[in-house]
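So, here's a batch of structures to check.
Same chain, two partners: chain A is paired with chain B first, then with chain C.
So, the complex of A and B:
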């Protein structure tokens, strides 16, 4: 119950912020933070619960973004439809990629997902209709009724996506699905031997995770009014989606949320005040430090702190 | 869709040279990932770091880049041993689960740190070295021109590959490394320390990657972000080969080199499709025959 009140509260706060704050940059930055919360939560469903590392976040994210852009170019479909289509396409990609590689050990899956990213990027570089290597300029439609600017609308849409993805992740974590995935992470052979349908569970996790990443990517073309392969399939999305759960903690749904909020807020500040290189360096260093020193992340640290008392 | 015969011949010839180079570049990974089972996604980043070290040494001493690479091997050998020791103490020792997700994340973070470190130290500009064989070419069959730098890289690749293969099959330590890959527990029962052997092997793998790095800067200019595309190429070669197979690595390198070069020269495809070749091969191999061409 507390969770649902909290979720409703988050949505109310988002709405209130949108109604009161006039400073546009706040929404640009806030959108990115919320987007990374969706990406990290989605990543954690497969990476954290089942222990299958996915480097291919940009492939799913980018497919979502391009689906939305192409759909908008072809039919001028509304944003909701774009997001739904993106979820379907990215989910299908997750299912297909999983079918091909999830029978293998974890590291092979990780490498295959890097491969997936480069292949997707190459396909879109060579697809004329979607803009090719130079990209595609998109004209935003006017914002829908209660919003006075498009960026505020995107901010709220991403906020809703974040809440939805956390709800999905929490449901999976607490149901038999989550228990099955954790069994796979601890020992796949033992899980299979005790009758856990390992392949089906992994496929499910991969599909849901991919679909949510697609959702995170769908509003991106509207956010930038532009889409282009090199930045859309950038490895930095993979870095963020992987680092945040590692920093926040992979065992609990709150981990990726905290990790993404902390990491991407810090990144926003450093990109503006110092430089973009420093911000990537920061992620690398923080990632290594956390993996080595605090394997259970911030959530794990807090748990240890409170269980001692 | 067709491709003229003389162009095809040229593509194959160039592909063989490129393939030899790819095989050599993947040798280190074939040891560290193929034999030792360490998810070393930082391998290409270490290689690019090796290129920059070569660049510095060549600039300071004015010697041949390959000689510079050889001179750097002891330093990289020690670096590799240190990296493995650290990896072992923090992840492998705590069990398989720790070594899985967190081990990959650790090497991924390491790759990022190396990459950004190079950007901060050298900037994003391309760097290259000077040597008598860079920039000249040789002519074969009266009209096929092959750049001399590719021939040199191919020669070094051959020496490196043969050397490593002999080392693995003829020397005591080399056989011990193969043994540790096959059955760690049995090795321990024989009274040998598997961790020390793995540490040694990882050192060799890292030393091989600095020579690969010096070849990389001979073949073309380098820039810090280059490791990303080589993640695909090196892992494709190692997986295609079948984990840890040295002969397989050579064949896989050739397959990758030739197919990439044909795609590159194909009039309908061209340079924009070339980066996808290695990854497509990798995905297909994982889907169809995951144990690789020469897998155990």
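So, the complex of A and C:
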């Protein structure tokens, strides 16, 4: 119950902020933070719960973005439809890639997911209709009422996406699905011997995770009014989606949320005050510190502190 | 006695190495069956083929009147083949109780409350109840072995394969685990015991098969097996 009140409260606050704050850059930066909450939460479903480290975040994110862009170019479909289509396409990619790669374990799976990103980028570099290597300029439609600016609308849309992805992740974590995924992470052989259909469960996690990453990517073309392969399939998305759960904690749905909020807020601040290069360095440093000092992340750290008392 | 498990002409190779060649055996319902053999003789490969962790190259495995050799491991567990692992593989991020909830959710399809009650019963009968809330990584060696058996029991098996559940344990601990296995057998569960500790196998089993280099070299009563010349040769060399 507390969770649902909290979720509703978050949406109310987002709405209130949109109605009162006039400073556009706030929404521009806030959108990125919310987007990384979606990406990290999605990543954690496969990477955190099941322990399958996925470097392919840009592939799913990028496919989502390109699905939205191409759909918009072809039919001028509204944003909601773009997001739905992106979820379907990225989910299908998750299912298909999962079928091919989820029999691989550990480092081999991770390598296969990097390859997936390269493949997807190559496909879109060579697809003329989607703009090829030079990219695609998109003209934003006017914002839908009650919003007075498109960026505020995207901010709220991403806020809703974040809440939805947390609800999905939390449901999985607390149900028998989460218990099965954790069993897979601890010992795949023992999980099978305990009746857990490991391949099916991993496929499910990979599909849901992929679909949510697609959702995170879908509004990107409208956010930038532009899309091109190199920045869309950028490895920074993989690093961010992986680093945030590590920093926040992978065992609990709150981990990726806290991790992404802290990390990408810091990144935004450093990008503005210092330089864009520094923020990449920051991710590396923070990640190393957390792996050494708090291997269970911020959530794990708090739990340890509380249980000591 | 009707056969619960019937294996015919089972073969499994790894590259050019034949780990099992043409193994045939039958285990009756309710039987206590011992599987012995020197290191590398194919014991673990055999039970990996039965439990589904490995696919056999040739031959058939009929369990409870159903051919299971093409089924995935989890499907075989759901049909009633449970196993423990030689090197304990607990779910280390979970408590002892939660370890048992995995099979009770996925095999017995129990809700958590029901599963917990049943899991506590199993833990009590196995002498692990006081550790229910402990994390698996806080357990001692003998407790880990018991957890392996307890988790296998939570899958409500008809056949329990115990893979060296006693290796490395002290004398009184061996007796403890042996007593558990006897108790499980009395409750109607067929048990295949794989063991290096001869004394334990001999005390436990009604019938013993000895494997060497992937073939059955001898089958009989415990007393008969130890007198067999081939078995002595396989173990001691000659």
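Quick notes on this structure:
Convention: the second predicted complex is superposed on the first by the 309 of 309 C-alpha atoms of A that agree within 3 Å, B and C clash if a C-alpha of one lies under 4 Å from a C-alpha of the other, contacts with A are read in each partner's own complex, and residues count from 1 in each chain.
Here is the rule we go by: a residue touches a chain if its C-beta (ideal position, glycine included) is under 8 Å from a C-beta of that chain, and two chains touch if they have at least 3 such contacts.
Predicted, not measured: the structure shown is a model, and the values here were computed from it.
Looking at the shared chain after the overlay, A:218 reaches neither chain B nor chain C. In the superposition on chain A, contact is made by A:179 with chain C only, not with chain B. In the superposition on chain A, A:111 makes contact with chain B only, while chain C stays out of contact range. With both complexes placed on chain A, chain A has more residues touched by B than by the other of chain B and chain C. When the shared chain is aligned, no partner comes close enough to touch A:203: not chain B, not chain C.
Note: residues 185-186 of chain A belong to the chain B contact set and to the chain C contact set alike, using the contact criterion stated above. Considering their complex, residues 33, 39, 41, 90, 97-98, 100-102, 104-106, 108-113, 115-117, 119-120, 228-229, 231-232, 235-236, 239, 272-273, 275-276, 278-280, 282-283, 286-287, 290 of chain B touch chain A.
The touching residues of chain A, counted against chain C in their complex, run 176, 179-180, 182-183, 185-187, 189-199, 251.
Residues 51-53, 72-75, 77-78, 82-83, 85, 89-94, 98, 101-103, 105-107, 151-152, 154-155 of chain C are the ones touching chain A in the complex.
Against chain B, the residues of chain A that register as touching in their complex are 47, 51, 53, 55, 100-101, 103-104, 106-108, 110-112, 114-116, 118-119, 122-123, 125-126, 133, 185-186, 235, 239, 242-243, 246, 250, 277-278, 280-281, 283-285, 287-288, 291-292, 295.
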